[in-house]
Structure formats: C-alpha cells, structure tokens
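Two complexes follow with subunit A in common, the first pairing it with subunit B and the second with subunit C.
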Partner chain A sequence: MLTRRQFIKTAMATTAALQLSEILIPHLAEAFIGKKKPPVIWLEMMTCTGDFLSVANTLHPDMRELLFDTIDLCYSNTAMAAEGDLAIGVLKETVEREKGEYILIAEGTVPLKAGGRYGAIGHHPDGSIFTDLEAIRFTAPKAKYIMAVGTCASFGGPYAAHPNPSGSVPVHKVVDSQVINVPGCPVHPDWVVGTLTHLLLYGVPELDAFNRPKVFFGRRIHDWCPRRQHFDNGVFATDPGEEKCTYKIGCKGPVTFVDCPTRQWIGEHNSWPVEANTPCIGCVSPDFPDGMSPFYAHLPDMNVLGLRTTADKIGKGVAAVTAAGIGTHLAASVATGRLGTTLIDGTRPKREGVNRDTRKHSKDKTREVVFLPEGKIKGINLRRYHLQGKGRIKVFINRISFFGKGKRR
Partner chain B sequence: MAKLIRISPVTRINGFWNLEVDVDDGHITDARSSGIFFRGFEEILKGRDPRDAAYLTERICGICSTAHAIAASHAMEDALKIEISSNATLLRNLSFGADLLQNHLRHFYLLTVLDFVRGPEQPPFIPRYESDYRLNTHETDRVMESYRQHFDIARITHEMVTIFGGKAPHQHGIIPGGVTTPPTVDRIQKFMGSLETVLEYINGRLIPDAQLLARRYDDYFEIGRGYENLLAYGNFQVPGKNSEFVMPFGVYSDGRIDKFNPERIREHVHYSWFVQDSPKHPVEEETNPEPDKEGAYSWVKAPRYAAKPFETGPIAHLWMKGDYRRGISTMDRILARVMEAKIVGNMMKEWLKQLEPGKPIYRPYEMPDKEVEGVGYTGAMRGALAHWVRFKGNKILHYQIVTPSAWVCSPRDAGGMRGPLEEALVGTPIADTDNPIEIGRVGRSFDPCLACAVHLIKTDGSRQSLQIM
Partner chain C sequence: MEEKVYIQSLPNRLFHWSSFVMVTMLLISGFYISHPVNLGDAYDLDIAVFVQTAAAFLQSGIFFAWVYHHMVTGAYQDIRFRWRDAADFRGLLKYYFFMEKKPPVHGKYNAGQRLVYTSWFFVFIFLFITGLILYSVNFGYVLRFPVAIQKVRFYHFLGALWFLGTVPLHIYLVLTEDPAKLQAMFTGWVRR
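Let's turn to the complex of A and B:
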C-alpha cells in the first residue's frame, strides 16, 4: 500500500516534470490512499532488457520504493521469483484477475517472421511455444493502459533496422488499443516513471503525433542544447572528444525531440551524450537507427524520415507531420524496412557538404532554413556568411534553400 | 523412469531461455539449453559505417553494453593499427569497470538470491518454488535488506558509467580511437566518491551475503561442476601498452593452463537452427537461419575451442590471474564473481590516480580505401567476448560476434558433446520435481545472457587467416 508520505514524495519528485502545483499534491494524496497498489505486467519481448535496467536506475522514487511500495509488479522476466510454468501461469492469472485494471508495460519488438517463432517469452505448459506475438495479443486487450517502453517497442528500433532479419515490428502494429510510446535507447527512467505517475494520477498524458508524452518529448534537443551558442558562433568539433558543437560530427539534436539537455542522465544529472562530446544519435526518434545513421554523418548528408533535407526544415517538418497526421505512415515505413533500403546508399562515402544550388528546385522558399552548409553553392562560399555572424545568415536563409524534397544526389 | 522437466522461461536472466532436463531417481540425467529468440545483429551491421558498430553492438545487451563497445573499438583499432593513449585506456577501464560492478551487483541480488532466499509475500516475489530455503528469519531479513539497498548502489555504478560515457546503459564515451570525455578534476572526484560508496557496499554487504549463502548451501560446491574447462580473454588493457592486459588470456583444461590460440575456435550448428556444412572458424562461417531444421533445439550456436566445450566468466578470469583456484562449481562461480567485483573495484581506485588531466584521450584516424580486418577481444562481465570485423571505406563487409553466453549456453556440438551448462546440470540432485529449484541455481551461477548469445551469423565468401593481436 502506498502511504501518504510515500505518495507525496513520489509526486513531489515528478512535480517539475508534470508542472504540478505543490498545493494540489495533498489533495491527490487523499484521493489515492486506500486504493490497492496498481498491478503492472512488464512484458519483455525481443529486447536487450536495457529499458528495464534503465528504469531500475530511477532516483525519485527509487526502485525499491517503486517495486515494494508503489506498484505490484506481477510479471517481469527479469525480476520475478517464479520461472517456467509457474511464471507463465502468473501471466495468465494476472490478465484474468486484474482484467481492465493492470498497466501493460511492453518492452522490445514483436518479431513476425516464421509465424513469430523468432521470439518467444517461453512455452505453454503443454509444450507449445509462447511467442511474443501471442503474448502481446493476449495481454494487450485487457490492459487498462499500454505503455511501449524503449525505442524497440515504440518504433522498431535497432532490431527492426534494415534488413530486419526477424521481421520485427513495434507494439502498435499488432495491437488495436491505444499504445503510449515512451521511446529511448535505452529509455530514461524519468520518462517511464513520470508517464506511469501520470497514468495513475491523471490518466493519459498529452501525446504528440507519435503518441509520445509531450511533457518529455515536446522539446527539440537543439533548442535547449547548452552548446547552442557554439552552433550559432560556428564553433564546431571536427572529432569526437572536443568540447564544441557536435553538429558536424553527426549530432541529430536538430531533429530529435526529447528533454535530454535539461533532464540529463541519470540519477544525479551527471551528463548526456553531447556533454560527453559525442553526437546525439536521435535514439528516441521513429526512424532510429536507419534514419539517424551513419551516426557521425552530419544532417544534410543523411536521410531523415525518407527525405534528404536540412536540419531546421526537419525540425519544422516534424511539426508539419503532426498536423498532417501522417506519423504512423512514417513509422510504418521504418518498420517495413522501406527506409532501410535507402540506408545502404546512405552509408556510401560522400563528399562533404553541399555541392549544388537547389534554389530553382524549391517551391516553398519561406519555410526553408539553411544551417551551415559546407563548401560552395555556385561559387558562393557559405562558410564566409556563417562566420560573419547571425544577421547575414538570416538574410541568406530567406533567399535560398538547398536539397529539394525527395531528391537524391 | 525418467521425467522431463521444462523450465521455459528461465526468468531472472537477460533474454529468453528454455531449459529441459531429464530427471531419473532424483538426479538430472540429461539437459538441453535452448535460446528462444533471435535478432540477426550481424546481418543488420552489414553495409553500415564501421564507426557505428561501437554504438550499435551495445544494443545487443542492456546489462553488459560497455563490453560490446570495448570489443567493437578494439576490433576497429586492430584493423586500422591505432594505438590509443594511456589516458584513453584508463578511462575505458574505469567506465567498463563501473559497468562490470553494476552487472555483478545486479546479478547477485536481482537475479540470483531469490534462488536461495525466501522473498517477501508480494509480487514479484510470489509465487515461487516452496522448497529448501535454508536461511533463518534474521538472515533472510539481512539479505533482503541488501536486496533493497542494491538498487541504489547499482544506480550509482551506472552513474559512474555516465560520468565519462554520457549515459547508461548504452554509453557514448568509448569509441574507436579512444574516449570522448576528458578526465577533469570534477569528474574524477565524483567518480572517486561514488566508487568509495560502492566499495563500501561490496565489502559490507555483497561479500558477507555471498559468504553466508556459501555456508548455508555448501553442498553447491559439489553441484554443477561441469567439464571444468575454462576460457578467458584478456581484460582491462594495461595503460600505454595496448597489447597487454591486467586480466590475462588463458585456456584451462585437464588441470593445466595453456596459451590461447585464436585459430582453434570453431562454431558448430549441428543442433542450432542454422544451416552450415561443417564446423567453421568465426571468420569463415557461411550460415543461414533455418527455424524448421530437424533435430535442432536452439538459436544459440555451439562455439568450441580445440574441439572442446569451455565455460567462461569471472571464475575463468580469476583462475588465469591466480586469484581464485578453489574449484569450479555452482558456488565457486558465484563467489568468484563477487570477488571479481572487489578486485576490479580496488584496481579502479589505482586507475583513477593514474589519470592525467589535460593529456590526450582520443586519436583521430582516417578510414582506408582498401579492405581491412580486425578482431577485438575482451573479458566481458560474463567472460570471453570477441568481435571480428572486415570493412572497406565506410562500409562493413562482414561482422561477427561470439559472446560468452554462446560459449556457456551452447547446445550440443557436431560430436554430440553437451554445452558447458548442460554438462554442469547433469548429476544435479532434484529433491522435488514439482519445485525443481536446484536447476535455476546451477543455471544462473553462469550468469547466462541469452540476449548476447543469440545471433544470426552470415558471411560473404572465403576468408584468409585471422589476425592475432
């Protein structure tokens, strides 16, 4: 049973994230006390278990409080005492006993190849294989909420990357109910515990076009990056390990929506990939890793959401995608490996920067923003513009664009 | 009359694992270990930028990701003949050491103790097998209090990985060419303070708890002995000497230690869901998955050294180094792992002192136009891990990974010889076939990680000889 003290501690810890007034918390505590602990089924499928272990790193509340006092973790391949038939029995019992009450946390992809035999959670007592596909279809319909935790469960992630040998798909492809995606490779403990708290206290949080909670996935890394000034001033790292802007060594911050720069990893807010002088690899994005690799290739050289385009255009583009509501379509093309086919081209060595003028190809000049292309466009050295400061870039930005939509070099 | 017991899934391990044993007259007479999931990582790596492998291969395993980053980096550095700086080696050792402590703490508490200690009466500790818990109430309370505390300590170890790695799991700091986070004094002192906290816990909780289990369950020094073959790859490079390792390479069989010769590795697929004409060296394999293969029972292949099955892990590391040679059994494996945590923790204190702020941590390199290949060995948390890579320009032509858990959890080979873990199970007494708690005790002592063990391996043509580091 969650005590009042524990509840307040839990709620206080997530206050900042949830913008929850301190005055409100005692009220909610009253409402919450007396209820039984919410049952949780943590279903690991095709996964590295990195998401479970990451969540075990939670600080407020810490894992012992979460595990012993806050939730009833009825099923978890990594934590439960039971094994074999006993464990499978628990899964089946919980689904029936807690029908409509339990929260399903799904981790990992669902492999579809060979009738699902590429991935199984175990065997039925009769000796037949209990595939991931069967397990997710068994547990999802009776869940109160479904959280897909980690990029694999949310979007497919590394195991669904080209050529997707196991035929892996994310959870929402095989489940009819709403799936709340909490991606990350691995997921940050706060994103999971915060979303769980939101579900327990207020129900489904506000979601973006990819069904990610906006409270965590609503900010673009680039806009909140502590090295943004280096970017604006043109101070770029040429190799990993330099304490400068990592844009030119492949940072995917301009197209990645998550709060890493301010939340940081983990516990005591130690660091995050850019602070470690490495590029952000966009691990919370629907097209990670195919659309985000090569990891050290900078943005205009790579495929983002199937388009070859510039940094800020994608930033805005994702917002446009939201409006158009085609997010699922894009996620689907990732899952089916369609983007993967362009990846192989993407991994070929390329010349640096921009080498042609695309002004004449662009239909919408106002939306185009150029970020620091290298080299020359029709004899104009863009680096010079860039070094002369922000004002000149702006003038320039409004005039031209490069990389037409869908065009490949 | 033999009775078949199937445990599927064997929970509290990383990944999905099916164990089938035959029990006759109260003892296990035969065992089959089966990995029941498969992702095809090497196939995914093909065609990608070789520099991406260090980050991508981390995604094989959430509990030992740093080991894959090290092996992938070693492989690239071997191929490109890069010597990394002494600072880089030290920082790698520190980050990897912290992740190793994380693994060993979590393996003992989160994964192992519930085989020996009755947990509290709430999920996920119930239901459980109701048999043979030998600790009294006072002792049980003590171990379960350590269990509660270990969550905080394990988080601190991951915070230590984060200090020089940006995040954990799947850190960013270890890449081909060195590391990326300079050893500034604020980071050093934070790391040092965290390490002290963790070592205090190891000395005050982990080691006494392991010793308590060893006293109460001393029959497990005789159970699960297996072949008594040990394989260890070098672990923790000596700073400034890229070819020397603090934990040495070695092969222990028939009671003596031999030099490791990488040419003697072969992978068998006779009982695995793959097609291949004969056992092959990892760089020569031509393998295809075949989930309908007759007689096969695992997604794990069967690596063999000199045609013999070998187990690997902390006990192999310490055996070669001379720090643990009491014996090889279920309880010895558990004790060696705990001891390795203490030994590595103490070495980390020394490495911290050797760091030189301001000195280089990363060595830039060019990607060659010609075809090159390399191999990276490391003694991961679970033992012998190797990555083989061949690439040209910015494109991986071939990638190959043989993990510790493939060695340990392997099925039978072409000669019908059981895998090391299968062999260790044979002879184990089972008191109650409805509550066969003994199987998991033996199995988990190996720290199996099926997430690491299952791969698709596919090559494209014949290979020349393997490069030896």
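Let's turn to the complex of A and C:
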C-alpha cells in the first residue's frame, strides 16, 4: 500500500510525461477491494461545465477507470442519462441513502439574488424550481467531504466578477462545513483526481490559507518557470507569440501559486500558457478575474474619480505632477526674486537667530525656539540632541507621553 | 566670534544619509522591477530584485533603529504632526504659493516637514508589511491568512509612489529654501 508520504512525493514529482502515474491506480483499486466504491455527487451549479469536461479528459487514471473502478458517480448533470424527475429523484435518494458517506464535488457559483432563481438544477416533482442554492444546502450538510472544483466554486471566478448581476458567491460562503478548494479555469484533471484520491486514501490533504491542497497549489509559477532565465536577464516579449519572458505583457506567474510549469496541460498534448507564448492570467488565484485583469498588464487598473486608469498612468501622473510642481515653483521663485533671497539668506549668519517671529498664522503668540545656542543648551534639549549614557532611561521615562501635551520648552 | 548652533546630532545624520542611500536604491530598483527596460548586462531584473530585497531589509533595520532613537531621546516631538500644525500648514502653503512674504515660525521642523515626515513613518510601515508579504511568496504561499498577492503588489506600488512624489519635493525645498539646513545635515552645525 502506498503511504501518504509516497503519494505526496509522486503527486508533486509528477511531470507531464508521467501524469498522476499508473502506479496510483492499482493502489486505489486495492484500497477498495471488497468494499463499496465511494459514492460521489457532482453538482453543477452556475458554471460553463468546463471543469467537468476538463476532468473528463483525465488520462491516468482515465475517465473509464475512474467511473467503473474507482468511484460511484451517483449524480452528474452532464454525465447521467436520466433527466427530469428521475434525475432529481436520484439526487434526493443518494443524499438520504449515502448520508455521511458521499463526496460532494461542487462546480460553479451559487447565485443568491432573487431567492437564487438565477440558477437551477431542475424542478421538484410539484413543478417548483429546484435552485442551486437549495441544492447545495440540501447536499452539503450530509456530505463526508466537499470539494469545490474550478475557480467559480472556489472563489467566485468569472460568474461572480464585477458587476455580478446574479449575486453569485463561491461554495464556501453558503456551506458551514470545510470546503476543499481546487481552483482552475478550467481545473486541471490531475488536481481534481489527485485531491479526490487523497481524500479516499488518506483524508483531507494539507491545505493552505485559501483551503487549496498544498501538494498542487504550494509553489509559485514564477519560481519554476522555464522562462525564469529570460526574466532574470531582462529578455522580455513585447507582444504575445514571442518566445521570451511574458512579464511585461502581464504574466501573473509571480503572484500565482500552482504547478503548471511541470504539470502542463493534460497528458500528451503538452503545453501551458507561457510555453504557448502568452502570459499566465492567474486563473487559480482568489481574485481571478477582476484582480488579475487586465490580462496584458502586470498591475491591476484603478478607479480614480469614476475613471478607469492603469497603474502605469498613475505612476507617470505622480512623476509628472511632482516635476511640474517643482518646475513651476522654481520658475516663480526666480521670477519673484525669492530664490536669490533664500539662497543668500539661508547661508548668512542670522542676527535674530533664536527667536525669529511669533506664530502669526495660528494666532498662537507663544514663542517657539528655532535654534538653541550651544552655550545655552541645558535640561531637556541637551539630552535630546546629546544622548549620554547615563541619562537614557530617565529621559525615556520623562518623554514617554506620545500624543498628550509633551513637555515643551 | 561666530556662534554656531548644533541642530543635527551624529545619530540623526547617520540615519539620514544611510536612509538616503537605501531609499534611493529602493526607488530605482523598485521602479525598474515595475517597468524593466533593457540596459544590457549592467542592470538586470535579477540584480534589481537582489538590490530591492537587500536594501529593503537594511532600510527596515535603519528605520526601526531610528524609531527607537527618537522614542528614547524624545526627538519624535520635533517630527510628529500635531493638530495645531494644521494652521501653520495653511500659512506655509500661502508662503509657497507666494501669497505671503514669510513662512510661519516653527521649531526644528516646519508644519510641512512634520506632515511629510509623519506620513513617511506610516507609509514606510505600510511598505514594510506589504514588502514582507511580497517577499514571503518566494517560499510559496506560506502565509497563514488569505491575502490576494496581486492586490498587495498594487498597494505596495502606490505606497512607493508617495515616496516618488515627496522625496524630490524634500530635495527641492532644502536646496532652495534653506541650504544651511543641508549643511547642518553634513556637519551638524548651523551658523547663528
């Protein structure tokens, strides 16, 4: 039997050529010999079905092995032959029969507006609408494990993106129990099958702060990107299609945590965005797609007084305003003769030195000392500017008051 | 005999000039990381990232030592912006916009300086925290709390823009308004 440690090692070391590797299958089959196959409910809510179709492309184990040898897929909107009352009946029956036993795989967001009427999985026998919200609240509490598959189910993704007309939320917002997030747009089959395998064999995998399995979502793309050398040496693509680092055209690799560079896209058709000379768009990130857009700029846009502007423009704006302000002031200073006065005045010994003026603008007539002549420095000011070994503790206690009325001279 | 006044202590001068070097390096390397341009082998992103990280840690050390020094000696009283400085700040703006002949009288630093230095204190702490988060992702997602790194990156950039706007102002004003103070930042003394 494969130990958990060996499994993690295999899953992490898995390269494109090996996939989740066929060595897993016998172990998986072995673990369930003579036992009932674990029941799985795959609930598709507000989704494009991309995640299910992606998982259907799994190679090792392939979908046939998965369905016939490994799991008992009881309900799936896309895969099942039944429809209408028959299908909904199966869902209800499975939830009751396999209570506390089944693994719930949720795909897509849960729309909340209009009582959840933006998304439905079907109808009740009485003809009333069976909403996504109702379905997830019906299935989730009795599930053994809940997996949110795809970025929508995990973090909201495109369906919850601005302006989110349906009020969509990710699964963990409407479910009380722990949700294991397996994001991706679409999700990579290995991440789903690997997490599912871990659940079946060893229970809940080690998760990060976003409840993503660390085994797949632990490392940053940037750190094992095959084009990292281009990044370090400043070889940048200026347009998609160039075989260089895509950082300057908005690659989100530096902020995206997933194993795409070695996992690559399904099986024999090996490639992934960067290898296809387009930037990573950070589809497994919690703020995808709003936070990750624009896809071709590496910092997000910003809303300034109702105008959408890029971070670059803000930067250039700040630089321009500073330069223009200083330039104008300098010109005005020269024109009014102030510059000459201050330059000469600034280095000339000042007769009045100590007390220059009263506080005219604040109407506060108390005099503040500008400079203290060396000979007259004593007491607190002496200690302030001349830190002596002995006085430190005492001074600290004297001066501890922060925003109260400090002991002024 | 010419009288001299000691206004910048040695620790203050050391803090100032070491921060000057570090902040300059941070700004240059930081904006280079944000907008890399081809400078040949002289300055690449790996160098910029190294400089940024090293200077950030050094500057953090300098910053916290500076905070400690100001707490112990009570010198923070010269720097923190007080509510009563708001009125002076108005007067100072009037002076800068040529509506007054003279700026309001002030202690060691004027209201504008107090405002900018106080803002630097808070903005630096903000940059320190966001910078640490950005540094931590070099080791994978190791944070114990959920943070959208892309947002952190953006806010770190905005924080750096504050320095991009205020540091040139600081340099401009010291050169044109009070060069004697600049002299004091080297020697510690101004002539009375």
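In the analysis below, the second predicted complex is superposed on the first by the 265 of 409 C-alpha atoms of A that agree within 3 Å, B and C clash if a C-alpha of one lies under 4 Å from a C-alpha of the other, contacts with A are read in each partner's own complex, and residues count from 1 in each chain.
In this section, a residue touches a chain if its C-beta (ideal position, glycine included) is under 8 Å from a C-beta of that chain, and two chains touch if they have at least 3 such contacts.
Predicted model, so just to flag it, every value in this text is computed and none were measured.
S.K.: Which holds for A:F231: it touches subunit B only (first), subunit C only (second), both, or neither?
M.R.: second
S.K.: Counting only touches as set out at the top, which of subunit B and subunit C does A:F52 meet: first, second, both, neither?
M.R.: After superposing on A, A:F52 lies in contact with subunit B but is clear of subunit C.
S.K.: Does the superposition put A:A81 against subunit B (first), subunit C (second), both, or neither?
M.R.: first
S.K.: Just subunit B (first), just subunit C (second), both, or neither: which does A:S285 touch?
M.R.: second
S.K.: Could you tell me if A:R220 is touching subunit B, subunit C, both of them or neither one (first, second, both, neither)?
M.R.: second
S.K.: Which partner does A:A120 reach: the first (subunit B), the second (subunit C), both, or neither?
M.R.: In the superposition, A:A120 contacts subunit B only.
S.K.: If we overlay the two complexes on their shared chain A, which of subunit B and subunit C does A:N270 touch? Say first, second, both or neither.
M.R.: The first partner, subunit B, only.
S.K.: Kindly classify A:K248 by the partners it touches after superposition: subunit B alone (first), subunit C alone (second), both, or neither?
M.R.: Only subunit C; A:K248 stays clear of subunit B.
S.K.: Find the residues of subunit A that appear in the contact set with subunit B and again in the contact set with subunit C.
M.R.: Residues 343, 347, 349 of subunit A touch both subunit B and subunit C.
S.K.: Spell out the residues on subunit A that touch subunit C in their complex, using ranges where they run on.
M.R.: Residues of subunit A touching subunit C: 208-210, 214, 217-220, 223, 231-234, 236, 247-248, 252, 254-255, 257, 282, 285-287, 291-292, 298-300, 302, 311-312, 314-315, 318-319, 321-323, 325-326, 329-330, 332-333, 336, 338-339, 342-343, 346-347, 349-350, 353-354, 356-364, 368-374, 377, 380, 383-387, 392, 395-396, 398-399, 402-403, 406, 408.
S.K.: Quick check: in the complex, which residue numbers of subunit C touch subunit A?
M.R.: Subunit C residues touching subunit A: 2-7, 9, 11, 31, 34-36, 38-39, 44-46, 69, 71-77, 80, 84, 87-88, 90-92, 94, 96, 98, 102, 104-108, 137-138, 140-141, 143-151, 153-154, 157-158, 161, 164-165, 168-169, 172, 176-181, 183, 190-192.
S.K.: Which positions of subunit B touch subunit A when the two form their complex?
M.R.: Its residues touching subunit A are 6-12, 14-16, 18, 36-40, 43-44, 47-49, 51-52, 55-56, 59-63, 65, 106, 110-111, 114, 119-120, 122-129, 148-149, 151-152, 154-156, 158-159, 162-173, 175, 177-182, 190, 289, 291-292, 361-362, 364, 367, 393-395, 440, 451, 456.
S.K.: Which residues of subunit A touch subunit B once you look at their complex with the stated criterion?
M.R.: Subunit A reaches subunit B through residues 39, 44, 46-54, 56-59, 62-64, 67-68, 72-90, 111, 114, 117-123, 127, 129, 132, 157-159, 161-166, 168, 185-186, 238-241, 243, 265-268, 270-278, 281, 283, 289, 293-297, 343-344, 347-349.
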